[in-house]
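What follows is a pair of complexes built around chain A, which joins chain B in one and chain C in the other.
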Partner chain A sequence: MLILGCDVGAIATKTVIFGDTGIVAYDITVNNGNLKKVVEKSVDTAISKAGMLLECIEVKAGTGMGEQYIPFEHTTEGIIKCLAVAVHRIHPHARTIVDMGGLITTVISISEKGKVLEYRTSDKCASGSGFFLKLAAQALELNVEDLGDIIIPCGERAHMGTQCAVFGESEIVSHMNDGEAPEKIVAGINYSLGSSVATMINRLGGIQDIVATGGVAKNKSVLRAIEEILGMEVITLSSIDEQLVGALGAALCAQQRMQQ
Partner chain B sequence: MAEYSDRKDRTITTRWQTTGDLAKFILSHDLNHLDDWGGKEAVREILPEHFQKNFDMIQTDLINCLLEEKNKQTAMAFADNISSWGEWLHAQLDEGKKVVYHYFIHTIEPLLALDFAPICFEILSGLTSALYTDGCEEGIDAIEAEGYPDHLCSSNKGAAGYLLKGYIPQPSCFLKGSAPCDTSNRIYEWAAHKYKVPLIVIEAPYYMNERAHKFLTEEMKRMIVKLEKIAGKKLEQDKLRYYIQLSNEAVDYVAKIQELRKIVPCPDTGWHRPADTIFTAQLGTPFARDYFKALYENVKERVDKGQGVIPEGKKEKRLAWGYTWEAFDLPFFNWLENKHGAIYTEDTLTYFPMDTEMIDTTNMETMLAGLGRRMMQMPMARQVMSFSDVWIKDFVDISRAYKVDALAIGGHMACKHFWALNKLLSDKVKEKTGVPTLRFEMDMMDKRFTSPAELRRIMDDFFATF
Partner chain C sequence: MIYVGCDVGSLSGEAVIIEDDSIIKYEIIRVRPRPEQTAFEVTKKALAEAKMSFDDIDYCVSTGYGREKIPFSKGSISEISCHGRGAQWANPSVRTIIDIGGQDAKVIKVDKLGYMVDFVMNDKCAAGTGRFLEGMAKVLGVDLEDLAALSSEAASPVALTKTCTVLAQFEVLYMLNDGIDRSNIAAGINRAMAERISKLVRRVGIKEGVAITGGVAKNFAVVQSLSEVLGLQFVSLGEVDPQIVGALGAALFAKERWQKARQREATPTGGNKETKSVYV
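So, the complex of A and B:
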């Protein structure tokens, strides 16, 4: 049986086609002004990569902030549960999930059986999110994807006094005006972001294994900062792109629903 | 047809009165959804002309929520209340009675007995926010344009903005209990200064005990001396007794409803619960008594029939609201029932403690002592005239007594005292009862902060983890 899972996030739309052998095909499309069209494009791309038609997919599930833009009939799954189900399936030893998305960072504590025990989101604050990194990259005229490659000794990174995305941007400009090297500023940004996420993890007890998901989990420098602050390893899932975990979770939740 | 004032300084209260009459008109027809009559536009066409403008302003989802069969009786009580209260208030103003704007933790029996026209300041924002598409945002924007900080409480901001715009009557006095927050203290100071009228402050004691009760009783006496001076008359014992008896009757109904809500399945609907705060601020009037009596009869009828309020086949999830909720979206609670089977047990802003006493009306001394005690027990005053222990104990008790499955806390962004306490509260409730908490940021009366759609998404995510 084939299941389509679509996660319409704040910055990107992710679609997976999940079958008996695992993920058959997937797509990640960056959102632009017309979310409905982005969702359609992401779904079309994924199903065409799988070499089939939408009508051939028996179960369709959606999650994420823009889930209502999915243009066909589907089940709606909560993103927290999606993340818990997907991470538990791939890495059963996970007890803490850190999902660093485009706009919101979520830390979830799960049981041995993958049940959500507690969760915390960054809610109104964009610190610790991909949006923060995007703003920083724009200010530094760099590609956001390149920010994670900059890892320098802690004594050399620029100090970021704020974790607020808005004030952070003006602080970056101040560092640039002071002639600070861009890599040191980037290292400071990554550390600042990692620090706010580490605080959230600590508030939920910081129980290992800690698994990172979401687009920001691709930033190795942020993960390193979290590990440095917590003194614990933060794992990424090698078998799946970090951004696809929510979409996979939607598919798995729909599967569970059918089995019930 | 009722007379509707076209005076600018009655803009808000006339709007409510009209909405009350309009709601009664619609509810008197055999209608369960606006679509039954062809949608909002079609319904507008058949309304009497004097209702049409008001109808355009009301939230469509709210009308449809009130028309649901399970909500109709309480909707009628709600409509009756705001219509009668508006008519009564305007009659008081026509008689030349002086307006006292008071904070929502006060009971108003002494004001009524001294022939004032009392208006709860925060309810001006709250009810307007609850009823209309544009909420109380015009008031909020007006006071912020005056320089009042945007991160402070919208419950004060909306009303203060209306005062600035001349949409509500000029005050003769402001009455303010100093608890719970500095935000509200400052805006009352500003308003009294701006309109050059007295501000009477009832100092809050530091804790909930007998010493605090004695202190508050003395504060009541001090308040009455000041009010008598403004009113130009002495407080009469019999008159005060009359209003306190009305207040006692209302509180008795509240206590009975609270008791019935402990039953599984919960027999009370959620949509009206934020609105109940409004009627708590009316204690001492026949309108509050009649409203809570109607609620009680509605709830009791369901209990007698063994009925709940969630759709058949859904498993009931019992929520308690550990602090606030959004006032701007009453249908949200109906949506919670219908979509998630989540019912509303208690909250901080309408909850009377389980040991609430009736006021002894024997003589002036017993009545003032009773008013002091009641003020100490009024929702929100109770929780903040103390350290965090009272608030925490209340919700540990509520979680147990009402068999609560989850605590939901809408963290009103302006409430510094709540943000200082929120984790202590949720940790202790979890530790003592095992009940989890959902905490989220919002503004009670300004939907531009966290929108209705966002709130629903937060809830969907939360219930998916159950």
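So, the complex of A and C:
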């Protein structure tokens, strides 16, 4: 049986086609322009990669803040539960999930059975979000994907005096004007982001294993910063792209619901 | 005597030239990469308008966040003091100044001579600063200057739920996706801005005679919303452009310093030399 899971986030739409053997096909499309069209495109791409037609897929599930833009009938589940279910399935030892998305960071504490115990979300302020990295990359004229490759000794990081993503962008520009080396600025940005995420993890107890998901989890330098501050290991799931965990969770939740 | 005040902010730079007791010329430019460059260019432009050169300046005081890097100024004074002095000069009844700049917002209380008594400031979060409006205008696809006019066409303003500039930008993006009228969104943005500022104002309280300064004071929709939210009428600054109040205050301090220096020279006993930088 095939299940489609679609996670419409703030920055990107993710679609997975989940079959008996695992993920058959997937797509990640950046949200650009009309959101309905973006969702359609992402779903179409995933389905055609799987060599399927939408009609052939028995179950369709949606999640994410833009879930209402999915243009066909589907079951829905909150993103927090989706993440918990997917992470628990792949890594049963996980007790804390750190989902670092495009706009919002969520820290979820889960039980041994994968049940959501408590969560915190940064939905008031974009300071520790992927969007901050995007603004930073733009200011530095670098690709956002490359920001994570820069790891330099902690003493050489440029100091970021502000947490605000908007002011951070200006601070980067003045660092550049002062002739600071780009890699030091990038290291400063990654550390600043890591420290706001680490604070959130600490507030929820920070029980290991800590699993990082979401687009920002692809940035190794941010993960190292969080580890340095917490003194704990932060792992990523090797069997799945960090950005797809929510979409997979949506598919798994739909599957669970059918089995009940 | 020619006195110049130069205010280098985060988004714009202003220069005001005063002679005796009146403003001769002023200029406002968008910031250049370095504060000293902004200061030089805006001052040069204002001097050119007045058909003068740097040699004609008798005393120059700089203010704003880039104030300590200005080579041609003889001293620097914090923008909080300068706003107090400038607003007081424009209208002697001013006791509270709400200054909304590009990258911060301040509420300054002054005494009857224009000296600062108390102040509160937000420079930690872009909400409630010019950067908020700038980001919103960008998402709406209008010029910052047109945001107020657009909002005056609104029939039913939207309510923004997000305070954060970045998150609110996405909220607006979703509204545009849903086909909500741009004028209603613009009105919601200006209202959100006013509500954010009113929270800052309430932290320090107000004393009658409230003036609004800074670039955002030129957005009449924000000013009107803020006056509604606070339940008061702002006092007029007369002919003075609200964006140059900081630079004007600096020019007035320049005049005061020059006169004090003359007095010291005239009195044989007062022998101490003036210092390059004095912080008020």
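What we mean here is this: the second predicted complex is superposed on the first by the 260 of 260 C-alpha atoms of A that agree within 3 Å, B and C clash if a C-alpha of one lies under 4 Å from a C-alpha of the other, contacts with A are read in each partner's own complex, and residues count from 1 in each chain.
Quick note on the criterion: a residue touches a chain if its C-beta (ideal position, glycine included) is under 8 Å from a C-beta of that chain, and two chains touch if they have at least 3 such contacts.
Note that the structure is predicted; figures quoted are calculated from it, not measured.
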| item | value |
| --- | --- |
| Fit or clash between chain C and chain B when superposed on chain A | clash |
| Partner chain in contact with A:Y119 - chain B first, chain C second, else both or neither | first |
| Chain A residues touched - chain C or chain B, whichever exceeds | C |
| Partner chain(s) touched by A:I235 [first = chain B, second = chain C, both, neither] | neither |
| First, second, both or neither for A:A84, with chain B first and chain C second | first |
| Partner chain(s) touched by A:T76 [first = chain B, second = chain C, both, neither] | first |
| Location of chain C clashes with chain B - one stretch out of 26-34, 62-70 or 224-232 | 224-232 |
| Intersection of chain A interface sets (partners chain B, chain C) | 123-124 |
| Chain A - residues contacting chain C, complex | 10, 34-36, 66, 69, 103, 123-126, 129, 131-132, 162-167, 170, 173, 177 |
| Chain A-facing residues of chain C, complex | 10, 33-34, 103, 123-126, 131-132, 135, 162-167, 170, 174, 177 |
| Residues of chain A touching chain B in the complex | 65, 76-81, 84, 115-116, 118-119, 123-124, 253 |
| For the chain B and chain A complex, residues of the former touching the latter | 436, 440-441, 450, 457, 460-465 |
